[in-house]
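Next come two complexes built around chain A: one with chain B, the other with chain C.
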Partner chain A sequence: MVDVLSPLKPVWKPGTHGNTANGIGVVLTETQPGSIVQLAAWQGQEKKLLAAIKAVSALALPDGAGGGKSGDSKAAFGIAPGKFLIVDQNEGLAAIFSGAVTSEVGTVTDLSHGRTALRISGPKAEWVLAKFFAVDFALPAFPVGSGIATLHHDIFAHIQRTGAEQFDLYVFRSFARSFWTMLCHASEEVGYEVS
Partner chain B sequence: MSPRRTDSGGRIDRQRSIRFTFDGKPFTGYPGDTLASALLASGVSLFGRSFKYHRPRGVMTAGVDEPNALVTVLKGGVREPNIPATLLEIYDGLTVVSQNHFPSLGFDIGATNQLGGKLLGAGFYYKTFIGPVIGPLKGTRFWMFCEYFIRRAAGLGRAGNEKDTARYERINAFCDVLVVGSGPAGLMAAKTAAESGKRVVFADLEPRLGGSANWSGETIDGMPAADWAEAAVTELRQNANVRLLPRTTVWGYYDGNTLAALERVADHKPNPGKGEPRHRYWTIRAEAVVLATGAFERPLVFPGNDRPGVMLASAAERYAAEFGVLPGRKVVVFTNNDSAYATAAALKKAGAGIAAIVDVRREVSEAAHAAALSVGGEFLAGHAVVATEGGAKLSGIKVQIFDAATGALSGEPRSIEADCLIVSGGWSPVIHLASQAGINPQWDDARQAFLPPQPTQNWVGAGAFNGSFSTEEALAEGHAAACQAAGTVDGLIEALPEVETPALRSHPAPVFEIKAKGKAFVDFQHDVTADDVRLAYREGFVSVEHLKRYTTLGMATDQGKTSNVPGLAIMAEALGKPIPDVGTTRFRPPFSAVSLGSLAAERYGDLKPERLTPMHDWHIEHNATMYPVGLWFRPMIYGDPGETVEQAYVREAKATRETAGIVDVSTLGKIAVQGPDAAEFLDRVYTNVFSTLAIGKARYGLMLREDGLAMDDGTTWRLGQNDFLMTTTTANAGKVMQHLEYLLDVIWPDLKVQLTSVTDQWAGAAIGGPKAREILASCVTGTAVDNEALQFMGIVHGEIAGAPVMICRLSFSGEMAFEVYSGACHGCHVWKALMQAGKPFGLVPYGLEALGTLRIEKGHVTGAEIDGRTTGRDLHLDWMLSKKKPFIGSAMMDREGLMAEDRIKLVGVISLDNRPLNGGAHIVEENNPDEPRNSIGHITAVCYSPALGKYIGLALVKGGKSRHGSRAFVADPLRKRFGPVEIVSHHFFDPEGKRMHG
Partner chain C sequence: MLISCPYCGPRDLSEFTYQGDGNRTRPDPASTDQQAWNAYVYDRVNTAGDHHEIWQHSGGCRAHLMVTRNTLTHKVSAVAFARDAGHRKSDRHRMSGGAA
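Moving on to the complex of A and B:
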């Protein structure tokens, strides 16, 4: 097995940073899932795709953009009408879906190398994310499991809430180092831990 | 204890002193003080010099509307000018200087400008400095000569040249109800909305929430109003649904109930906390907005109304109540309404003596009369102040009998000794945000003020903002507004708080100006007088818009908060029209000054994101000079010590031709084109056919724009029946993606095609040269790479050092070459394995310069030639223009203009004088180095060709192929280059392609 090289390596500085006078506001991590797969259904085929997602990942998703589910090792959420991002800590998910999703239903696109998965958790996670995205991250508006496709200046991002105070972000790998650096910078004010 | 500081009262903390300097002199104040309150407490009355006449100026207000007391803050080498002293909270080490004077604030040579009298009136510069002929100086040249001196003499603060190192941030907020303004109306609205369970953002530009409750001296619910406000704020602070934003100015109201606000996070601290920004720019998206922004008190216009010591009544009350500072010991009140009587009572209570109350009205309300008697001093109803006395400090005033109906003065003026004159000319609701969000404000005769327009967005007004100036009305309207904003029809609370307050009405007499001899200022910050307004009218400026621009009234940094309405009233009188017929200007953002830093926020400096390839760190470790290509960074050369750029790229290109070279091509745009209609879609967007492409094969494609001009090129690989991998040029990846998405979404929504950017999914390494195949063969497992297994434009899958790879045999360099794609996270691993395998063969990494050299030698085009002006035919890509099918651009590419014989077409050029060529240089036919003319084209790309041993280039030249073998000249006057070139075929090297076909 070949080691996966994180794009964050030179800027990855484990430990606590910033203003920690009032504790740690956020914890930043890279989750390095084995698989990140985009599934898209042709119009009218959404339910079949959802059924395939359930069959493969055991995650029962609501139809449409925004809804999602997350478990210990798997997560999935709608990123656009009929379009979903499925994440698994194990490798090989794209190949499995390629067998489960026929061309009559939709497409399977492997993005496992193309997106970098970052996690931000802690009491100030919403605050820090609000500095980047024009998204209402309050729990009632953005409940656990739900997700969104959004943009911070030039950087495209998929975001899923995976806990009351936890969000997983998927950014283009080539932008990941810049985004991580910005994330750390924005977290300085509230104190952060890299782990 | 300072001479003006009271023993108790106010928001200040008398237990601790703060030291600061003003014009180099040390001062002390208390936590909670503004610069204005601290200096006033220390007996300072002179804060700055005026814009044009350099007149001495003091403090007029206690808030954001301050036109006079503007100062420059010096912090860490950075100068920040034009900060109202009334908003500047002091801290230990604060360093402030006054503005617009020479050599000092006390003695200013510029004050001689006052002697110019009417000469310096409205439009003085326009009339005087444009046009007169003095020697060689005439017209604008004369102006340019004078401008230097004028700009030195007139103006506000001076900005510094040091880089602002402060940190700025942007943040987004969403809420059900945004309450702007924290006075009784706003507080009541926030309380009500919060109690109904709504998410509330509650913003006020002051550091202490509570607005007028903090200084009104009223009683609310049986307790001092300030205590009531504090209790209400404490309650709100404990509510998780409420975000309190003190020191936050909501300055812009935009469509979709989106509001902009500036939070001054750290301006009141010696240094920001770790990671804390100085300013934070809030974008607030609110379901509903409650505007409880209060009202600004207006000054009256009378001669000498700008002398230090003249102050708005409400400001005097605030200084006494909030800061424990008496603006004077002997105070005269000058008013056209009742509200100043409450101020007189408050000042009296705080310890000031009231020398007189001068009211333009002959008859006043009983409550006002009673208040006048209670404070003592003279009560001069039906009088007006006609002059002020003193130098840079008020020593007295002159009053005269005044008829408010006619404006006539009578009797002899007489003096009254005073060290402070407080003025109230009525109140103007702060309707800026509503005006930004909607239509024109409406004039109200009773209040002599503009009231907010009907909402066109989801906002509700409350309190003084609506012209409801009493606290009782404010509480009721705040509650009602919040109920409406929260969608609650019935009131939420059983009874509103009870208010105890004198029965004084703020509705003023319609008097704005006292016409007497002397300069009477309307716009204090821009030194616009009442006479200037009338002069503008006499010179034909009858529209309020023209008046504003000609006199610059209301155009200073305070945006006329104290001057707009008086100016308009004087204009209306000159026109002989009622004020509503004259109209008013609409307010536009920002409400008050906004730091440029906050607008740029993190976008300035560290947020220009960098796109890095998976091999980026390897390149750096191997001496690559990185070159920005859009947001990407790519190696330009891998320089050896002492090498020039040319030496490096020549070495790299030569090695590639002789043995093998490897280049990082991960930046190429890559788009997954998937679905049953993917092949059909590609047939439509490319000029050539892709539906016939076999699985496991790649094809070079050309894409045109709808107008028939070339757009982009690249190879597209068929990975499966319904699965294509399109590559684009690095620069055009985004543009091509948008183009394709538009076509699918709008033109052909029936096609079952899915597009996904997979640029970042793949790391790409192009390895080429005579030894390339051997290198690959030595490290690839799981597939052969010989000619049989991997034909030209074929694709195979295998592994390198355990990582899965996809290899396509294609060539940009003209050599036997392969593009090796791996998962991006394996990219560096594969690259290193290739380098290791290539070591015995002499494999070298090469950068963009060598890449360019190799492609120029081959005559391959890039963005330099596909420049948005060339067609496929111009670039000799006619063979790619299919006649069997329509495609985007096919209808337009045969237009006459695009087929014309005299179009510039791709050729090669060779420097005949052995000197380098320059991209962008012209090609001319005539050997005339001094005056080159009649360009026949231009050079698009240049290099020194190691294969040819010459400086060569690609060019777009009229006549194209017909000029092959002819001589011309390169003309580049800007870079002083002229010399002979030979025009040749663009295929300089291996035109038959023997090397890449092996």
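Moving on to the complex of A and C:
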């Protein structure tokens, strides 16, 4: 695999920053998946698409709004009626899905180079994200594995909860550097580590 | 104002885009009935009360929604996917009277 270039490189500052008097509130990182793929089912074909996702990624998604699963190297969640975001640390997922999702079932869109994946984890992750997005990040409202589509001003974001205190964010690559910088600023008061 | 998207749940107004009055009936694209087109483009019932509107959850699931909003109170009393609700027909258009 060739080296992955990051749009965050000019603003990437590993180490601890901000007010760490009470410890590290959040850890910020970039997960750099090899594949980010959006799948969409035609109306009435949703169950077949879910079956294709299970066959290809071995992730059995719950059939409900925003339902999702995440594993060590793969993750998937619903982002809209009949639409799903599938992420894999390995490259080539879109080509595999193109074979598994026929044109009668739906569409496959390769977003691997179009999104940047950011991870925020730690006891203050909910607190920091709540500064950006007008959604409820509490665990009962936003269970582990589930995902949402939302907006920070004009920056569109897909967010999946991948742990009790961990969220993965997918933002447009062209906005990633700006969004990352804001994420760092918002994390200063709780102390943060970039790694 | 909050709109409860049937997929995403309650979200802030800033995530939505207004797509216009949901009471309009689009004429057949092949139609040359000027009065019908004039009514579609210009005539609005200007409701004071519950109003049928089309919104898009552009900053979320991007679905088009049929929303019933009270124009006096902003209370949203019903939200459904536009593709399920279909086009709500209305015969409450004013007569345009403008066509010769």
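Throughout what follows, the second predicted complex is superposed on the first by the 193 of 195 C-alpha atoms of A that agree within 3 Å, B and C clash if a C-alpha of one lies under 4 Å from a C-alpha of the other, contacts with A are read in each partner's own complex, and residues count from 1 in each chain.
Just so it is clear, a residue touches a chain if its C-beta (ideal position, glycine included) is under 8 Å from a C-beta of that chain, and two chains touch if they have at least 3 such contacts.
None of the values given here were measured: they were computed from a predicted structure.
**Student:** Tell me the contact category for A:Ala134 with respect to chain B and chain C: first, second, both or neither.
**Tutor:** both
**Student:** Determine, under the contact definition given at the top, whether A:Ser103 touches first (chain B), second (chain C), both, or neither.
**Tutor:** In the superposition, A:Ser103 touches chain B alone.
**Student:** Per the contact definition in the header, classify A:Leu151: touching chain B only (first), chain C only (second), both, or neither.
**Tutor:** second
**Student:** If you count the residues of chain A that each partner touches, which comes out higher, chain B or chain C?
**Tutor:** B
**Student:** Quick check for you: in the superposed arrangement, does A:Gly66 touch first (chain B), second (chain C), both or neither?
**Tutor:** second
**Student:** Please indicate which partner A:Ala80 is in contact with in the superposed arrangement: first for chain B, second for chain C, both, or neither.
**Tutor:** Touch partner of A:Ala80: chain C, not chain B.
**Student:** Counting contacts the way the document defines them, which residues of chain A are shared by the two interfaces, the one with chain B and the one with chain C?
**Tutor:** 134-135
**Student:** What part of chain B is in contact with chain A in the complex they form?
**Tutor:** So the residues of chain B in touch with chain A come to 169-174, 199, 273-277, 283, 285, 602-603, 606-607, 609-614, 617, 631-632, 666, 672, 674-676, 721-722, 752, 754, 756-763, 801-803, 823-829.
**Student:** Once bound in the complex, which stretches of chain A touch chain B?
**Tutor:** Touch residues, chain A against chain B: 1-7, 9-10, 18-19, 21, 38, 40, 42, 103-104, 106-107, 109-115, 127, 130-131, 133-136, 138, 141, 153-155, 172-175, 177-179, 181-182, 185-190.
**Student:** Mind listing the chain A positions that touch chain C in their complex?
**Tutor:** 43, 65-66, 79-81, 83, 134-135, 148-151, 156
**Student:** Under the definition above, what is the set of chain C residues touching chain A in their complex?
**Tutor:** Residues 7-9, 11-12, 14-15, 59-63, 81, 83 of chain C touch chain A in their complex.
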